[in-house]
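A short worksheet on the structure shown next.
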Amino acid sequence: MSDVQTLTGPEVEQHASRDSCWIIVHGKVYDVTDFLDEHPGGSKIILKYAGKDATEAYEPIHPPDAITTNLPTEKHLGVIDITTVAKVIKEVSEDEKRRLALMDARPPLDNIINMHDFETVARTVLPEKAWAYYSSASDDEITIRENRLAYQRVWFRPRILRDVSSVDWSSTILGQKSSLPVYISATALGKLGHPDGELCLTKAAGKHGVIQMIATLASCSFDDIIDAAAPGQTFFLQLYVNRDREITRKYVQHAEKRGVKGLFITVDAPQLGRREKDMRMKFVGDDAGAKVQEGQSDVKKDQGVARAISSFIDPSLSWKDIPWFRSITKMPIILKGIATAEDAILAYESGVQGIVLSNHGGRQLDTARSGLEVLLEVVVALRQRGYFPNPNFEIYVDGGVRRASDVLKAIALGAKAVGVGRPFLYAFCSYGQEGVEKAIQIFRDEFEMNMRLLGARTLNELEPEMVDATALTQHVVMVPQDNLYQNTYQPLTVAQFKQSKL
Amino acid sequence: MSDVQTLTGPEVEQHASRDSCWIIVHGKVYDVTDFLDEHPGGSKIILKYAGKDATEAYEPIHPPDAITTNLPTEKHLGVIDITTVAKVIKEVSEDEKRRLALMDARPPLDNIINMHDFETVARTVLPEKAWAYYSSASDDEITIRENRLAYQRVWFRPRILRDVSSVDWSSTILGQKSSLPVYISATALGKLGHPDGELCLTKAAGKHGVIQMIATLASCSFDDIIDAAAPGQTFFLQLYVNRDREITRKYVQHAEKRGVKGLFITVDAPQLGRREKDMRMKFVGDDAGAKVQEGQSDVKKDQGVARAISSFIDPSLSWKDIPWFRSITKMPIILKGIATAEDAILAYESGVQGIVLSNHGGRQLDTARSGLEVLLEVVVALRQRGYFPNPNFEIYVDGGVRRASDVLKAIALGAKAVGVGRPFLYAFCSYGQEGVEKAIQIFRDEFEMNMRLLGARTLNELEPEMVDATALTQHVVMVPQDNLYQNTYQPLTVAQFKQSKL
Amino acid sequence: MSDVQTLTGPEVEQHASRDSCWIIVHGKVYDVTDFLDEHPGGSKIILKYAGKDATEAYEPIHPPDAITTNLPTEKHLGVIDITTVAKVIKEVSEDEKRRLALMDARPPLDNIINMHDFETVARTVLPEKAWAYYSSASDDEITIRENRLAYQRVWFRPRILRDVSSVDWSSTILGQKSSLPVYISATALGKLGHPDGELCLTKAAGKHGVIQMIATLASCSFDDIIDAAAPGQTFFLQLYVNRDREITRKYVQHAEKRGVKGLFITVDAPQLGRREKDMRMKFVGDDAGAKVQEGQSDVKKDQGVARAISSFIDPSLSWKDIPWFRSITKMPIILKGIATAEDAILAYESGVQGIVLSNHGGRQLDTARSGLEVLLEVVVALRQRGYFPNPNFEIYVDGGVRRASDVLKAIALGAKAVGVGRPFLYAFCSYGQEGVEKAIQIFRDEFEMNMRLLGARTLNELEPEMVDATALTQHVVMVPQDNLYQNTYQPLTVAQFKQSKL
Amino acid sequence: MSDVQTLTGPEVEQHASRDSCWIIVHGKVYDVTDFLDEHPGGSKIILKYAGKDATEAYEPIHPPDAITTNLPTEKHLGVIDITTVAKVIKEVSEDEKRRLALMDARPPLDNIINMHDFETVARTVLPEKAWAYYSSASDDEITIRENRLAYQRVWFRPRILRDVSSVDWSSTILGQKSSLPVYISATALGKLGHPDGELCLTKAAGKHGVIQMIATLASCSFDDIIDAAAPGQTFFLQLYVNRDREITRKYVQHAEKRGVKGLFITVDAPQLGRREKDMRMKFVGDDAGAKVQEGQSDVKKDQGVARAISSFIDPSLSWKDIPWFRSITKMPIILKGIATAEDAILAYESGVQGIVLSNHGGRQLDTARSGLEVLLEVVVALRQRGYFPNPNFEIYVDGGVRRASDVLKAIALGAKAVGVGRPFLYAFCSYGQEGVEKAIQIFRDEFEMNMRLLGARTLNELEPEMVDATALTQHVVMVPQDNLYQNTYQPLTVAQFKQSKL
């Protein structure tokens, strides 16, 4: 590598076929000929850039080091003399023009008053593929919605006539100060939705004292994020464990060295889920007409972005690995993705510092229960064994949170803090850093309002009696409707205005 | 103030800028220059009337004494010689023309047969801002709707073969005669919806023997309402407690002197809720396009009418204040906004004469439970302690009532009477005083009918066994629908008519 | 009356004003001047026929003897010489033409395969007023629909491998043979929907061995119905008890003399319910534009057909009257409209021969429970006291039945038979007598099928274990939906067809 | 029969009327004159082919031997000299052209990612009659949908941190190897939907190691299916028991001789259900306009395809027949259609080798419970008696399965395997054998994914604790909606885009 070769555009252009395929990424030239058939996203998309600069297409959907990790050193051909590369005049597609007009017509940020507003804007202004990747969840997307609906099964029992002149919703998470009982949960591939990617989160979080959890699959590199931090800003790290533990060890130790305060190991994703919206995207993009008459399709190509980027994750990860993690870092270790009281007990007994009750935003096992529902049984089971409450073991919940009132419900039921992912993601996709700041501001307003109305002046005053969660464990499905009857019945109507006068 | 100055229109017109801003309200001139930035509704709306008569805009959304209370005496510049003020030729907007045509096309009052009819008419004929203010509730508006739905979870167990030739639904409330087991609950800013404001209620109530609760935030002044009373007409007073207790003391004692028979202290509103419909109204009205690129918006301007008018309310109000209220008045004291059995017990033990189980019409804490549901646990808890039944402690419920049958359910479960707010408000917004009278008439018809059909000849014969309330405490949320399946299923259809013959 | 005067058309025409108003009905002349203001349907409709023949308008909505009963003898002016009456050339309205075209396009009777089909046809081909009167129910029409939905909360537990080569669904009701465990329940004003009125039921019932309950408010006279009976055909009589008991006594004793086999006294209708669809009809028909500016409307005119025809019903009817009924007839007495276990016990102890668990087709007290649901508690309560089973005390259920499977559920839970009203009514409104026969045929087919599939060869083999009724007493109301979330969520879609090829 | 006559086209054409009606089927000539009125599908359809070759119409909706079984030998007139039959130039109808265009526009098989996709394609591309026959279920089609919804009432409790590098979802069914814990359940009349009929299933099943259950009413003959088998391929046989036991005996013994490994006797269909979609099809096809004015219709003609083909089924089948079945075959005997714990116990005690908890795909008794729900009570009851678990008695479930996750839920609750019918049927109707292979592939992918995410490496590791089935036995029906309120309420909306910029 000491003897780095410099190549020119015309040289690279010679290798623009399946037989010899070179591409340029981030100013370097790679020979990906042998890799074509192994590319999780299929060979077709690479061949589109054969002999050319692929950086722009590569960037948002690959972790920064994906190409160097996956390609043997001998295929790293050298650096490119960028002045010799023919400039591609990029035509703006009609779809993209429409999208840009929509960006221009976004509601003013002043008009955004809740998290749903961000999601609506994002849904409209994001490129289709990005929206599909972010919004999709597994199978029938029942769990992702259940996450939200679970909060609507918990009702408040507010207390009155307490002096609520001042209320305080600040907290600590793993001993770190947090201006909200909320942390920014890890979401992947931020650059699909905004050119600054996860840095939008970092800057807003730093400014407002909120903790950001950095995703293994962030579009921005770990170091870029840390480098953008405000003084004293706190980060956690979300970890997908690599089949090659050495890579994981280095990653974790590097994070610790750079000041990360908590290691959240994802335990609910030995394989990334089937997300049909994401899968459908693939088909729309491709020339989809050709295969009906032919044989079985190549499965690897059908799996959408999610599986394309996650083949490194180790499905053999097990309880036996916990001591090893303990041995490589002093950061608090948290298991993210606990879904039963049984595993919460095992986690506690394994010596970790906390658990996140989570179903991965509904993106893994469909019809898994919501974290909020699981919280009920976990608190009971830990309490029975004397494991809870315990200042050295914290319980978090994520999934479905849209209002500060949701957070207060989770805390009343025993959570220390709540992870919020998509709402912050949609906020920056829609309005960049300012969007995230507005989201934080909305949470702040809602916390103030709701704590006053609940009669809780600090988070400590939130107690189980302040909520009625009797409906939380109910999974109600209506029996099928009698359509003949329903369609025969004529609904009542209200008094009619005089048509003649209109 | 003895030496009152008289000013002229041209003089006032000199002061029409942010640097010096005078306005005319109710024939008096005020210097509001320093107040511009403190105005809860923002400065922009005041500046629109700088140097001019602002009375028409001021009136419906401010309590009559708002300007004198908020502005120091030295800013009260004097009276205006109204003949010198240039007449503004008001252009009627297209929206307003459409609205007036709709007023003209209202269904004849004869055609109004239930409370929903009034609401439909009001929704159509009210100015958008008024509808938004009246109809809005907090956050996702779940509680406001739950208030209604709670009644549908209580079913009747009617008794038969009792001689129901004559039935009597009159009652007493706090010892005062009431022709219905219903009182008119306080709603604010009546002039937004009808030029006569709350006086429509007063006159109809007086005529039909119904008790009106006067709102602190009524558009009509307290004295105007009392002055319009029929001989012997009964009033209650709804009280928002002021940060300045002296103001409250005077207000309460004045009310007692003028014959008010009950003091309903609002205890569920240390701060007024976030009401998004109301908040959105602000944005539509403003030049909303400008802020996307700029910094954080000014929060104070985003909060809709509700918060603009309520900054005086004291969030420090607590149980410790009850003895003070006892000391300043002999009126029965009722706490309005109790939401748990725990607080009902505290209320009883604090010596007040009654409680209103209420969530403020869904306008405060969203996903708080309905008053009707809370009634169940309150009656059980008070009964266990021997506090109930008790002729000196009455329980009321409000929120969601649309039918006499609703009222009968609440009474069967232990309520003494029921507060009805919006339906009467919508009745006068749609048809003035006559609308309110029609609403009372509808209730009367329904009470007669339903008591006969229930087999209860007097309200005393309403007993818990007449209702099945087992479903009342259930908060049922359907799990998310399997859209793929639902949309694939082909519903059955009935027999088809012969198209050829049509 | 012996000295009957004969009048001519021109003579009658002289009396065509509010000051002197004569009308012709069924060939007789009546002076209704003084009755104008007492007419439950308002004076306007009578004045339309002042000086003319009103028979056609009178007939379908009045019991045959209404005019003779209500008008003092001295107002019975004589008979008309019909040849002298000017023929009215009736213009067929556009609405009526459209309706007749729809009649012509009805689905062939062969295509009718369930009860909903009849209802759909009836809804389309009936005059609006008739549909409103028949289909309407009280207040929010919750109970009428609950009646149907209750059956969907009962599920089958079918038994297999029983020899079901032959199955038998015949029964007895009050000891009378019935080819189905179903009787035709009383419905009023049949001529509104078909010129032959209730005779359609009589003829079909006679042909197929089904028992018809004759309604007090039938359009056809009692004797016309009995005269149309097949040899040995069985009837029951539904009774609204008159304020004038003598009228009732004569009516009952006449029925007994003519062979009626059971007296069903309606006990759930001391006053007929508010039925808003029916009430709205009135307003649409009238010149509805005039009243907004005027005073309180005349209540009596607003009540729809139902209350117009029912003012004779005695609201003082009570348990004390039962012995009197016993004293005037030997027919079995059944109380129709029991809605609680408490009243079922009282009924049993009062010595009657049966009860109908009914809420009057949802037309009386809204949010009363379904008869099927009440059956559960009634059977338990009677059984506890040793009153059930008892060959001399039968329990019936009515309301909401559309399938033979519904009937089997009711019988499994303890009912002896089930009353079916509207489906038969809609059947004859759509297709006359043949429609009713088809309805009976459909029931027969369904009974055969369902009994085979249930493994019950006779009605006696239907036992409680064959149904799962655990959900029957649940009154599930969904909490309000989070519309912001629901509308933001993007539902999954299935694979798309290739547009280019279509 | 030895002396077979050869007939010519012109000869047959002579017999083209109701008085003498000959038809050609599969190269043979039959005199069906006397059979016309007995034809379960009505005479009209036969007369359409009088004197002609009816093979094409006959084939898809009759079991291959229907005509020879139903017609006495003397009506078998001989063979046809096919060269003498006039070629019918078949006009392609507009409907059929549209259908063929849709076939051409099918989504490419690559784009099919779940079972619903197959159903959607099938619904679009199938002839109406085929779709009606396949998709229809009994009465209100409540049970068919309940079958699906039941799975949504069972939620997962997934376990984490188990080494799931390799997972294995293969199983045995009745001791036979199966690559999936799923068998292809019997569905009838496959040629209605694809010219190759059930052979599509056979070939795909053989290739992928899946067991096919052959239907008594398959369009392909039993032997054709067996002949198409791969070496070692396993089949089960679904049996409708004939009124003539000898026919059944021969059929069963022939199947055993040809290597079938299990006999599934259908016990829930003494008569085939009323399937209204199927019944409606009949009416649309016929000249339906004529019957309104005439008498009662002939019932036999109204019953759709289902009943037309099933009159041979014996409704007298009972527990007493079981020993006889035992006596005629050594194949394991399974009772298909058990619906209660009581009958499961009887089945066990009768000595059979297994049961299928099934409601016949919702096609028999409507509002019967789902097999999955019945599984709960069956397992409890058998366990209590020590009958379960038992290697010699297996429990299967069918109905409503669309995802591998459904199968895993059933297995966790005690099922050995799950029957899947319609999804495979729709797969071959849409894409032939390749469709079935794709369906199997999708199941495989989903099994791998879901077992990993559940933490179950083999089917044995699926245990009851992995699911939360507390909601499974709930039959939730919402009480009727308050339409006046619901329609008056104005739903919240999100922030609006600027229209001016779009």
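In this document, chain identifiers A, B, C and D correspond to the written order of the chains, with residue numbering beginning at 1 in each.
We take it that a residue touches a chain if its C-beta (ideal position, glycine included) is under 8 Å from a C-beta of that chain, and two chains touch if they have at least 3 such contacts.
This is a predicted model, so every value here is computed, not measured.
Interface equivalence for C-D, evaluated over A-C, A-D or B-D, points to A-D, where over half of the contact pairs coincide by residue number. When chain centres are set by their Cα atoms, the one at the greatest distance from chain A is C. Between the two copies, chain A and chain D, the Cα superposition rotates by 90°, quoted to the nearest 5.
Between chain B and chain C, the centres computed from C-alpha atoms are 42 Å apart. Each chain gets a centre from the mean of its Cα atoms; for chain B and chain D, those two points are 60 Å apart.
In chain B, the residues touching two or more other chains are 106-108, 111, 113-114, 116, 120, 140-142, 145, 149, 152-153, 276, 280, 283, 288-289, 474-479, 482-485, 488, 492-495, 498, 500. Chain B meets chain A in the complex at residues 101-102, 104-108, 111-114, 116-117, 120-121, 124, 139-140, 142, 267-268, 270-271, 273-274, 276, 279-280, 283, 288-292, 295-297, 299, 302, 315-319, 321-322, 335, 337-340, 342-343, 346, 364-369, 473-480, 482-485, 491-494. Those residues of chain C whose C-beta lies close enough to touch chain D in the complex are 106-111, 113-114, 140-142, 145-146, 149, 152-165, 403, 405, 431, 434, 437-438, 441, 445-446, 448-450, 452-454, 465, 468, 470-471, 474-478, 483-484, 487-488, 494-502. Interface residues of chain D facing chain B in the complex, by the touch rule stated above, are 114, 116, 119-120, 123, 135, 140-141, 145, 148-149, 152-153, 276-277, 280, 283, 288-289, 402, 476, 479, 482, 484-485, 488-490, 492-493, 495, 498, 500.
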